[in-house]
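You will see subunit A twice below: alongside subunit B first, and alongside subunit C after that.
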Partner chain A sequence: MHSFGYRLNGLLTFAVTILALMCAITSLSDNFNTPSPSAEIKIMNINWFQKQPQGHDEVSLTMNVSADLQSLFTWNTKQVFIFVAAEYETRKNSLNQVSLWDAIIPAKEHAKFWIHTSNKYRFVDQGNNLRGKKFNLTLHWHVMPKTGKMFADKIVLTGYSLPEEYR
Partner chain B sequence: MVISSALIIWKGLIYITGSESPVVVVLSGSMEPGFKRGDILFLNMNKDPIRAGQIVVFNDGRDVPIVHRVIEVHEQRDSKEADILTKGDANPHDDRMLYTSSNRWLQRKYIMGRAVGFLPYVGWLTIIMTDKPII
Partner chain C sequence: MDWQGQKLAEQIMQIMLLVFAVTAFVAGYVLGSFQMMVLVYAGSVTLTGLITIPNWPFFNRHPLNWLDPSEAEKHPKPQVTVISKKKGSKK
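On to the complex of A and B.
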């Protein structure tokens, strides 16, 4: 009962259990954080709006994104992944979500920012439904912890629309 | 003791999360710096619809499942089936080139679970565990 093997086994189990417990408590401490993020997105320009050779509508736009996400960071936060998605519906699809831009915020100091950018990813519809289309822009964030449970949420900004004609 | 408690936890997780592989090990660096090789991810699979931003594990008939983020969702009105596009955070391009049999989109049936939590570095332990022919 007191051989080296048994002692090592007992020690290892105990160590791993304590470690797992500490990670769980660390993760639980994130629940005490009540975040109050804010964001604003302005579409500065519709650069072009075309029907692609394969037949799908595509838009290129430039937008201004400003946000304050500092309240999302806790001591257990490794990074916050954010992205802006356009959400709209069409006759065939009840929901379309297309990610236009994303970024990684590695620390609280970088979480209050302002960026002027064109869409990083192509805004392509599955059909030709984008003319005159009203859409929402959502800023999503995904809090990735150093250990434990990940939190995700979003802010929905409504009231955007695309031009009636291709240009 | 280590092995039996690990087994209990593993089987318990399968039951709680409702997924056949409730834990996966991150094998590539395509989701860095969020997830590094050797991290383990806790998965959950419920009937909630797949939405952009979720980190999903999918296997469309390849050797190893891939853990990437959903960047596009097109959900059909009538069938509620959805066309999904994924991309690794650290990759410059989306996964379209990776999908098997020249699919342009992923379907929900290929998705094994959503990542809801993670533990760093412990993945190396899981690799050792799954090598033992207990389960």
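On to the complex of A and C.
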């Protein structure tokens, strides 16, 4: 601590190191949060179900997504990214996942919602396996923190199926 | 600052930063506001800087007794006698 510059440097370095420690502890405190989210997805309508010129099946559907994700938010949460994926099995692949819709929830107030929407992203198969296919809809979420570790989890909703014939 | 003052300044700086860091974290956690924690901490860093960095008088309470110049003249520095070998001058 001999000169002004020496003391200033010591102070700033120590302050930044302690700030890093505070951020680490903040991230650790997120582990104490036990979330209890709930969600429900209803398929209102299959708009159309075609075989595309390249030979792949494509579906357009309208769904109603309602969820309560308020318990996911902590003091260290910046936003929650959610997306709905359709999962099904084919002869070629044991698991196919197609993302249908996503959204960013910026605050706890917006985390309890319902939305009536058609699929934001195209539901296309690698091939033409979708006729009469049973599939699951999973709601995934990524809790993005202000500092530290990101938590990701999902809810699997089963029991959906596609029509037997193109329409 | 004198030597005691430097030690005091360093101690004050470390203790203040640690105490204020804990305070800021608790305040942020209780209020549920990350921004509050960062603001309290930033304010405390500035406060600590204002107290420990400038050369305040209370850091100079044990001043060193430098030798008085008139006293120093009475005791001249001993001369070191050197036998220098003169080499041929180079041009």
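Keep this in mind: the second predicted complex is superposed on the first by the 154 of 167 C-alpha atoms of A that agree within 3 Å, B and C clash if a C-alpha of one lies under 4 Å from a C-alpha of the other, contacts with A are read in each partner's own complex, and residues count from 1 in each chain.
Throughout what follows, contacts are C-beta pairs under 8 Å (C-beta built on N, C-alpha and C of every residue); 3 or more make two chains touch, one makes a residue touch a chain.
This structure is a prediction, so every number in the text was calculated from the model and none was measured.
Engineer: Regarding the shared-chain residue A:Leu95, is it in contact with subunit B (first), subunit C (second), both, or neither?
Structural biologist: Touch partner of A:Leu95: subunit B, not subunit C.
Engineer: With both complexes superposed on chain A, which partner does A:Ile18 reach: first (subunit B), second (subunit C), both or neither?
Structural biologist: second
Engineer: Identify the partner contact of A:Gly10: answer first if only subunit B is touched, second if only subunit C is, both if each is, neither if none is.
Structural biologist: both
Engineer: Pick one for A:Thr26: touches subunit B only (first), subunit C only (second), both, or neither.
Structural biologist: After superposition on chain A, A:Thr26 lies in contact with subunit C alone.
Engineer: With both complexes overlaid on chain A, does A:Gln79 touch subunit B (first), subunit C (second), both or neither?
Structural biologist: In the superposed model, A:Gln79 contacts subunit B only, not subunit C.
Engineer: Could you tell me if A:Lys146 is touching subunit B, subunit C, both of them or neither one (first, second, both, neither)?
Structural biologist: Both partners, subunit B and subunit C.
Engineer: Look at A:Gln126 in the shared chain and tell me whether it touches subunit B only, subunit C only, both, or neither; answer first, second, both or neither.
Structural biologist: A:Gln126 sits against subunit B, while subunit C stays out of touch.
Engineer: Could you tell me if A:Ala103 is touching subunit B, subunit C, both of them or neither one (first, second, both, neither)?
Structural biologist: Neither partner.
Engineer: Under the stated touch criterion, name the partner, subunit B or subunit C, that contacts more residues in subunit A.
Structural biologist: Touching more residues of subunit A than the other partner does is B.
Engineer: Would you mind listing the overlap between the subunit B footprint and the subunit C footprint on subunit A?
Structural biologist: Residues 10, 146-147, which sit in both footprints.
Engineer: In the complex, go through subunit C and note every residue touching subunit A.
Structural biologist: By the definition above, subunit C touches subunit A via 1, 6-7, 9-10, 13-14, 17-18, 21, 24-25, 28-29, 31-34, 37, 41, 45, 48-49, 52-55.
Engineer: Of all residues in subunit A, which touch subunit B in the complex?
Structural biologist: Those in contact with subunit B are residues 9-10, 12-13, 16-17, 23, 27, 78-79, 81, 83, 85, 89, 91-99, 102, 104, 106, 121, 126, 140, 142, 144-150, 152, 154.
Engineer: Where on subunit B does subunit A make contact in their complex?
Structural biologist: Those in contact with subunit A are residues 1-2, 5, 33-35, 51-55, 69, 71-77, 80, 83, 89, 94, 115-120.
Engineer: What part of subunit A is in contact with subunit C in the complex they form?
Structural biologist: Touching subunit C: residues 1-2, 4, 7-8, 10-11, 14-15, 18-19, 21-22, 25-26, 29, 75-76, 146-147 of subunit A.
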